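Look at the two complexes coming up: chain A is in both, with chain B in one and chain C in the other.
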Partner chain A sequence: MTPLALPRRLRTPLARLTLRQRFYVIAIILLIPALALRTFTAFYPFIQTAYLSLHKYNPAFDHNGPVFTGLNNFQRIANDPVVRASIGYTLLFVVAATFLQLTLGLAVAHLLNAPFRLKALSRTLVLIPWAIPMVIAALGFRWMFDDQFGMIPDLLRRGLGVQMKWLIDPYNAKLAVISVAVWKSTPFVALVLLAGLQGISQDLYEAAKVDGATRFTSLRFITIPMLMPLLITTGMFMVVWQLAVFDLPFLMTGGGPGFSTTVIAQKIYLESNSLNYGYAASIGMVLVGIVAVVGAIGLWLFRRFDVSE
Partner chain B sequence: MSTNVVSRPCEYTATAAVRPNFLQRHGQSILLYVCFAIFAVVVLAPFYFIFVSSITPSNELFEVPPRYWPSAPTADSYNRMMDAVPFFTYFRNSLIFAIGSSALSVIAAGMAAYALARIKFPGSNIIYLVLILSVALPQIAVLVPMFETLKTFKMISTHHGLIILMSSLVLPYTIMTLVSFIKQIPAEIEEAAYIDGANTAQIILRVVLPLVRPALFTMFLINFIISWNELLYPLVFTHNVDTKTLSVGLTELTDPGSTYTKPWDMMSAMSVFMIIPVLLIILFGQRMIISGLSRGALKG
Partner chain C sequence: MNSKKEVSVKGMSRRTFLKGTAGSIAAALAASGPGQLLAKGIYAPTVIRQNKTVVLAIQEFAHDAIKAVLPDFEKDTGLTVTLEGGPVSGNDMLTKYAPAFASGESPVDVVSDADDSGPTFMRAGYMLSLEDVIPQETWDDFPESMGGQIEKFHSFDGQRYRVPHEFAIGYFFTRKDWLDEKNLKAPTTWEEMVEIGKEFADPANSVWGTTDGLIKPALLYVYVAYLTAQSGGDVFAFDEATGEALQFLYDMIYTHKIFPEDALNQDYTAQNQLYMGDKVAFMRQWPFFQGVAEGDKEWFKPEKLTIELPPAGPAGSKAWWGGWGFSIPAFAPNMDGAKELIKYLTSNEIAPKLAEGQSWFIMPRTSILSAFEGQDNPIVTAMGVYAEAGVPAARPFHPRVAEAQTIVDDAASQFLTKQLSLADALKYGQEQIAALGE
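Take a look at the complex of A and B:
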């Protein structure tokens, strides 16, 4: 007897359920691949990281597995000058880069929104820095900032008479890395803000014009308040994403000179490469903690501005 | 206050009477074009320098002051780069990695997004929130256990291991964008299909899929670019030529002769080749990519 010959309602176990139950089953089946992927690469590793952060574990020496050491790793972090320096630079990097990306992004968004002939071209151009690999941006700018053979110091010297050493000076290196992050991600911010700008009704600007508003007052009292929720979400996204920045400083300066441009992510990478798994995991937990605090501040800001709107 | 109101009409008539000069008539568009020129130069300058470095003979590359155009353009760097790295193997690996990751992420995210956008079931909001918020978990923070897990499953230096990691990384963002897209499609179309007797599989495959196909394709392109550019996962989880991607190859391309100077000529040549696929995608998919990028963020 072939399965086809069975009564229709008995053919699948699904058919015996009520309509509502059937929907639950379908929803769960549809969600399985996504949840499995996230569990495998995010939720489970996160729990493991939390566990390892309380242990001393170096697979080269600790053959019996992780040794529980309580908060030892975190005490070590508090006294580790490199970790403290890397937290400092990461925060500076994130705050400065995000601020510049939002400000310049708003300016570029206005350019993209302006009615002129090169509109289509400008919208292709704006995708380029977002789309090219960070690897190439970091290495290319490292070459361009080179003290002897680089184009940027040469152009600054010829054009403005500025003599600056970039990547071998601790302060200028910090600046150079931030400027590449701004170059790379401002276009993305601009695209998002462009969509926001297009959502603002033109009537508001016309009404303001009739009332004698200048460009600046329209920007100050219409555009920015209308975009505020979007500015906060975009800013939060950039902050959270850039807190984990790794490839840019890693390839552009290698974290140097000294440890002046070492970020938290690179410190984690270094410690995992030296097989200090427990210590690397605890620095990872510190990074997660910073992200959580910043994220909470962002949510609070968003609520405040969303309600007042 | 009142004087202000009275004086304004007078100002208008005064300016209207005088014929505006050239700068007044075209000032705004001149300003626009100047801004556009600055913007274009800032965006394109690095590519110009990378390209010029790739066709400059290496002895001219290390001159002070730097040259802005070689005396005799040459493809020499490209030839030496091909000898120094297994370029085509890396290129193939990058393609497998990027196509695999974007395909898997779009399929998994599409299924999840349909369930989250259309089916009402207890806990759906919490699942959505957890999936989306997990984007904030830095990939590098959980690197160590991830390495151990992959080792257990024998997935170090395998294509499928990398693809699983990468597709999961872009998943939250993809789900968010697709949920917002599916919610915009009127549910009446699916309801009509139900009344006509279609089952769920038929509705998803015959009704919903054609409607969301543009969105799925957009996310495929975006995720392809993101995976093509990814460094950290291939850097940490690949240890042989058969799985290393272009981004890893580029970072490993160091001069055997000296430890300080990097072979900028070969690096530039490799960069040019690595940029080409991405450039083609944004030239042809520009409109879709822009809509995809802004949609996800607007709904966030």
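Take a look at the complex of A and C:
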């Protein structure tokens, strides 16, 4: 058997290797492009960020290059009210938005899974918010929440008699930003969960019905367990994705009022825009830490619910 | 027909394809010049192509005025000028260009740079000193009153890095038609602004005495610094007069209700919409508003847009001024072309032509004022009136200007949205400014 026999002119040092060695050489050669790509786009930036986070460096002021300051940047973070507030709001944003996106997404998926006319059209229409670029959505909602120009305060005032200042009240502004994120991404979650719902056999529901199960018990004991791998995967995706949110709050409120809707990514942006690369890197490392913790929880959930199987 | 022949007839073999691809890449590398490639990486071909091209980045609305003066330059120098849409704020400038400059590259040769990014770029060594580029006669064309500002915002370490091409000052636009109707005169003091504002304010119908765009980032700073100039304070010191200015703004919003609370999350577009929607009696706005308002031919009438002196605070009728200017990045690919272009655009012959083409370029330069003599241009007239009344105040300076402005934004926003008391907001500002360390 000579499947890897080489022509005479190609009998180079490679030909002297064993079949197993040749396999490794080829495997390494094939891996090099991917490794190079990850090195330049992930490993190198990470190492550089970690390095800068331990240094004081602003090219406008530190003309001799980065100065090693140990953990000073992290100490400064602990005393920086804007960073502390931004971490708090980022976590609130991620948890609240993801929970609502999954809950409402499941509800919408159920609606779209029901038999009715114009189902295909409805599924398309539901996706519209997802298709709108975030920048446009954020600017549009900034006007829509405006008390003088906006339709949302106007509708609430006329329809429900509710008088609320939205984007100039610290608590309402937080709520407004989260609600836009939910409006924007719920259709995506719904579509993913709809695919999962369609994979659940109707036999299970019919058998449960025979056993006297209500719609709620069917949801609790059939739908949610069957969708759990998908819920975890989608939930993790939304959490990690939204931890780096920037465009929505920045364009809707500029991080205000005060810094009540400032997120971590915006603080990093502001610092790096002032060329405070050392301090920006250290805030970036905090974000990496948060993502790592969330990732670990995700891995634990994956194992707990056998998502990978 | 055997299989070999089939391959040669139908297409190339895999080996031929690989050979050909490798050969093509090698040829392309050789043609691009190994020295350039080693020195500049894969961007080398772009650089080579740009040898005869000078790239100027400036806000798009100014392109037509620039294009009108370019033919002579291109004919005389043999260079081609490419215009690129430049950022619209100092923050955007930093976002767009800082990464390239930090890695020793520049996508442009000449750039129109803002007050809140220029000082940072200069300090970082990202800009070229213009000491040997701009002739003295150009600098002499600027009035002496601009000297201090040029030394602070356009220079570093005794070297000039930026030539101003804009003179932006907050003008006080008033509805003369409304005032005449009620037989009133434009307010000349803070107290009058409140009293006359109350004559017009009708919050239930969204009609206000005055307003401004105060959304973060930067816009709230602009207005707080404007009021602080009138109260005689140093906005970056968060001194007593800064507190007075903040309290006055707070009172206009909540006590006298002549200023919409929603302005705290509105930009200049919304502010202008309010004014042009006949909802505001008078307001501070940048000179560009004159063009915006005149552009709405159905609405515009001169009496709807009369420029008056800013209402005087405890320190008088004041408004700070600033603006954009031309710079050359230290890493400009076509340095010689960039020097020629900046010299040309800022010259005493071309500056007036630019000003005639776009009001953004109107400045109190001798050559520009001479060119406009006898013309009825409201901005030029107002510029003269303001200068005569001693209105222009120096833009507040801090070596870390962008960060310092953000601190003012944050402190003022917390106070005006009732998250902090005035005393706590001032204390917060002082502590944060102190933490900047410069």
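By definition in this document, the second predicted complex is superposed on the first by the 268 of 309 C-alpha atoms of A that agree within 3 Å, B and C clash if a C-alpha of one lies under 4 Å from a C-alpha of the other, contacts with A are read in each partner's own complex, and residues count from 1 in each chain.
As a convention for this text, contacts are C-beta pairs under 8 Å (C-beta built on N, C-alpha and C of every residue); 3 or more make two chains touch, one makes a residue touch a chain.
Predicted, not measured: the structure shown is a model, and the values here were computed from it.
Of the two partner chains placed around the shared chain by superposition, neither chain B nor chain C is touched by A:M228.
In the superposed model, A:W183 makes contact with chain B only, not with chain C.
Of the two partner chains, both chain B and chain C are touched by A:F149.
By the touch criterion stated above, A:L54 is placed in contact with neither chain B nor chain C. With both complexes superposed, B is the one of chain B and chain C in contact with more chain A residues.
By the touch criterion defined above, A:Y44 lies against chain B but remains apart from chain C after alignment on the C-alpha atoms of chain A. In the superposed pair of complexes, A:A109 makes contact with neither chain B nor chain C. In the superposed model, A:V94 makes contact with neither chain B nor chain C. Look at A:G256: by the touch rule set out above, it reaches chain C but stays clear of chain B. Common to the chain B-facing and chain C-facing surfaces of chain A are residues 143, 148-149, 269, 272, 277.
Against chain C, the residues of chain A that register as touching in their complex are 59-61, 63, 81-82, 142-143, 146-149, 165, 167-170, 173, 253-260, 269-270, 272-277. Per the touch definition, chain A reaches chain B in the complex via residues 22-24, 26-28, 30-31, 33-35, 37-38, 40-46, 48-49, 52, 108, 111, 114, 116, 118, 122-137, 139-141, 143-144, 148-151, 154, 158, 183, 187-188, 191-192, 194-196, 199, 212, 230, 233-234, 237, 240, 243-244, 246-247, 251, 265, 268-269, 272, 277, 280-281, 284-285, 287-288, 291-292, 295. Contact residues of chain B toward chain A in the complex are 8, 29, 32-33, 35-36, 39-40, 42-44, 46-47, 49-50, 53, 61-66, 68, 104, 107-109, 111-112, 114-116, 119-121, 124, 127, 131, 134-149, 164-165, 167-169, 171-172, 175, 200, 225, 228-229, 231-232, 236, 247, 250-251, 262, 264, 267-268, 271, 274-275, 278-279, 281-283, 286, 289-290, 293-295, 297-298, 300. Residues of chain C that touch chain A in their complex: 91, 94-95, 98, 102, 120-121, 123-126, 206, 215-217, 260-262, 264-266, 270, 273-274, 279, 399-400, 402-403, 406, 409-410, 413-414, 416-417, 419-420, 428, 438.
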